[in-house]
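Per-chain numbering from 1; labels A, B and C assigned in written order.
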Amino acid sequence: MIARKKTAIWIFFLIVAAGQLFPLIWLVDFSFNSSADFYSNSILKWPSSPQWHNYVNAWVDGKFLKYLGNSLLVSVVTIALTVVLSLTLSYAFIRMQWKLRSLFYTILLLGIMIPIHATLLPNFAIFKALGLTDSYFGLILPYTAVSVPLGTFMLSGFLRSIPKELEESALMDGCSIYRIVFQIIAPLLKPALVTVIVTTFLNCWNEFIMASTFLSKDALKTLPFSVMNFAGQYSSDYGSQFAVMVLTSIPAIIIYAVFNEQITKGVTAGAVKG
Amino acid sequence: MKRYSKLARASILTLAIASVGSLAACGSDNGSSTSDNNSGSGDSKVTLRFFSNLPDRKSGQGLAEQTVIDNYVKANPNVKIDVETLAEEPFKNKLKAYMSSNEPLDITMVHGGAELNTLVQAGYVTELDPKQYEGEQYNFLPGVYKSFTFNDKLYGLPRNSDYEVIYYNKKLFADNGVKVPTTLGELLDAAKAFRDKGIAPMSINGKDLWSFGEMYQNLVLRYSGNQNLILDAIDKKTKFADDESFLKAAQFLGQVRDAKMFQDSFMTADYGASQNMFTQGKAAMWYMGSWEAGMATNEALPEEFRQNLGVVKFPVAEDGKGTLDDLLAWNGGGYAMVSSSKHPEEAKKFFDYLMSANQWAKTAWDTGAAVPAQKYDLTGSESEVQKTLTDILVNAASTSGASAIDYGTPKFKDDIQNALGKFFSSKQSPEDLLSALQTAVDNQ
Amino acid sequence: MHRVFRNKTAIFLFVAPGMLLFALTFLVPIIVSGYYSFTDTLAPGTKVTMVGFDNYTNLLFHDERFWLALRNALLLGIGFIVIQHPICIFFAILLDRLGGKAEKIFRTIFFIPCVISVVVISKMWLSLLDPTFGMLNKLLDLVGLDSLKHAWLGESSTALGSMLFILIWAGFGWGLLFYYAGVKGISEDLYEAAQLDGASGFRMHLKITVPLLKPVIAVQLTLAIITALKQMETVFLTTNGGPGDSTQFLAVYLYNKAFSASQYGYANAISVLFVIVCLLATYLSNRLTRNDATDF
């Protein structure tokens, strides 16, 4: 009875999984086809001769390696900053005693609700005035600013559920407040930190409106922007456009595959406590 | 060193917060992060920043533009030209962002009319002396400065003679026994004939919306025979309700909509997508401008398509006063110099070089990329399409000089385009369209 | 309480950098927006004329596109709540029941679309839903349902629905993961007790799982409404608000007003109202779900 039920779920899931993955398979399939093949009648089309040069175009003219490097750099620094700032902020809000903390906490959390697009243009003018556009920091700082409110919110929830005894006994041992936060609390928050890291990564890895508004130097551009740019350059060549989309998707999928377990554990442990 | 100064700047954030009002002013004296700007000494390398809407540097106008740039750099080894390109729509947005922050570009592509007007009002582009561009070296055709002149001052130079035509696929017409349309009635017949065969009759870039505006202007011209009628309406000298040509043109758009003349995906098709439909032989016609002359010589396109590419004038209305030779022509695209340039003298030198008749105009024509706004010599090796396009321009009985959608403010352009977009994606009546157009004019 | 927790220097060091960055990216721009929203500026750097509340009165009383954008956000939000979230909960429960290796494999697969860039997702679906060469119409042809063929994103009647579909496809994994985490947190004993009472299957979950998931649901619903309101990238890259404003959203509208229409003052008034609407929606949804976690 139970076994049969499980088989039913299995089959149902297989169908849904196929539905989830099919668009991606379609994307890969047609990245090997020429533009003319797009208008054929078949849903998937085995290319008569795989158009490898689509990938050559994507790799060379899409400047894949350079943009990948930029995306990695921007993401890693953003994640590091977000983790440190969210950690210290949430600790100050939840554990420390000061007058304006609930006011500041509320204001910060408004950042989750405020749409970044509403502030895009003034943002550009301000960052420009500070000489921060057209540099890695021009992206890292706004990305961090957008990620910190959500990060602080997640960490705060988790922090509330951690008993204070550990910190108190650490204080008895003469630990400084900084050691407590970074050496005692941080490891305890690991599951929640993983969630923060993942959401931050996905946000800044995929963001493109700010990337295209704030950057003009080609040497600084990130992967999503290259997809946009490439679509202009190869507007008549769908195959090459698809190839660059496949290429940009691969790193994120690999990173996900590697951290898959931690992500689930992190979310499972962290989310419910929110 | 550089990093330190950035940190120092970051530390004055608090000040910035206190002085919100002065933010806009701060924009002008920013220290840009471009490293090589020691323009003082004559021998050192100068880097010019060039911003263009032609990302494809391997064919058509992008190739022509790049060729001129390469020529210049070869002749002037102390100059380096950084080219930044974006596709049309992102280009326009980015240019606004640059304008709002006074980015020190040197030369930028501009769209005449409404868009350039905004740049002029922001003081972002430099005034030019029209006298300097008279004579043999530049050879501009008469009247081409219209969309680049504001308050009798010139702010940019046109790169092309732009006029609306219909590109068509000769093979699709021949194979299906459809007559190439010369009247609007025949155009609808052709639309029905191709629809019956399961072929998209005409491809258009409906997502970008502006082609709808050009088509409406074209229709008003065909019904009224008066190039200035629609421009007068925008100038509030007449009303859309006062001349029946406006209504007839709107009614024809309604027939186009009901006959499904455009491809199925027309409302989501951007420029590239609409062009692909046509170049892959999936649409019989493409409503576009003379700047696409380069298709005939673009080797990235299928051979079979290029051999079958033809171009015709926009059909006449059977009951209209306009003739086939009344041409919807204007000068839209061009180049301007940026006032916040770090190297105004070097920039000017390159700008003059670019606009010389034997550079951009000649290169664009010889490579078959576009029809210039300057006099050019026929080489004898022109493509069939180029020859026809030349004939259309040379034989034009009248030209409009301005594109209606660009004739008012940017807000007007946005409003009128959206009114047309709404019309094509709903069942709105032609009368409602007219009143929407009138509202757009009134709210300028 | 130990005095270390009142250490002023530590508090300042912990709070100042984050708050400063926050002020720079959110507060200052909003103040700047607020200033420009009372002007009729074409773009920053052009002439500034104060027009008082004109922009706001125009927006609220004469601009049907603004209200259309709000309506679309509302419809999208309802779509998320009525379609996406129940599906996610349903799948989370099934996934939990499956157990073993399969549970892990499917969980992994279902999440994959979430790591794909929104640029890729938008361009991919634009092609998939293309009436001429897209997969969906070809599929309908294949199974003989060609009467159902549409220019999905290109027709006013189907565009918003198609948009919802794309967003559900792309966001399914996240929702699932959060609800799955919630389901995992429910003790097995509760189910056993319920089974002893004779409850089983669907009704058991309705009675036990869903109520216990309430805190997760509350947070997720608030986020769903915010997501719907803030919708920008996917729309911008597929329909740009069209056809005929049928997929218009505040962020897209404001972007186009600021950039294409050169109505910077007006766009900033939209920005300000946009922020207010988002805050109001959060407040209301917190009130409705009466949830402590996001109640601030």
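By our rule, a contact is a pair of C-beta atoms (placed from the backbone, for glycine too) under 8 Å apart; a residue touches a chain by one contact, two chains touch by 3 or more.
This is a predicted model, so every value here is computed, not measured.
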| item | value |
| --- | --- |
| Chain located farthest away, centre of subunit A as origin (C-alpha) | B |
| Interface ranked first by C-beta contact pairs | A-C |
| Chain centre separation (subunit A, subunit B; CA means) in Å | 37 |
| Whole-Å gap separating subunit A and subunit C, where each centre is the average of the chain's CA atoms | 16 |
| Sequence positions of subunit C contacting 2 or more other chains | 24, 28, 32, 44, 132, 255, 258, 264 |
| Multi-partner residues of subunit B (each touching 2 or more other chains) | 13, 16, 23-24, 27, 93, 97, 100-101, 282 |
| Subunit A, residues touching no fewer than two other chains | 38-39, 121-122, 125-126, 228, 231, 238 |
| Parts of subunit B lying in touch with subunit A, wherever the complex brings them together | 5-6, 9-10, 12-13, 16, 23-24, 26-27, 30-34, 55-57, 84-88, 90, 93-94, 97-98, 100-101, 103, 271-272, 275-276, 279-280, 282, 300-302 |
| Subunit A residues touching subunit C - in the complex, by the definition given at the top | 5-6, 9-10, 12-13, 16-17, 20-24, 26-27, 30, 38-39, 41-43, 85-86, 88-89, 91-92, 95-98, 104-123, 125-126, 141-142, 144-146, 148-149, 152, 157, 168, 171, 177-178, 181, 202, 205-206, 208-209, 223-224, 227-228, 231, 238, 241-242, 245, 248-249, 252-253, 255-257, 260, 263-264, 267-272, 274 |
| Touching residues (chain side subunit C, partner subunit B) in the complex | 20, 23-24, 27-28, 31-32, 35, 42-47, 65, 126, 130-132, 151, 153-156, 238-240, 242-246, 255-264 |
| Subunit C - residues contacting subunit A, complex | 1-2, 4-8, 10-11, 13-15, 17-19, 21-22, 24-26, 28-30, 32-33, 36, 44, 91, 94-95, 97-98, 102, 106-120, 123-125, 127-128, 132-133, 135, 138-139, 141-142, 169, 172, 177-178, 180-182, 184-185, 215-216, 219, 226, 229-230, 232-233, 236, 250-251, 254-255, 258, 264, 267-268, 270-272, 274-275, 278-279, 281-282, 293-294, 296 |
| Residues of subunit A defined as touching subunit B within the complex | 35-36, 38-39, 121-122, 124-126, 128-135, 137, 212-213, 216, 218, 228-229, 231-238 |
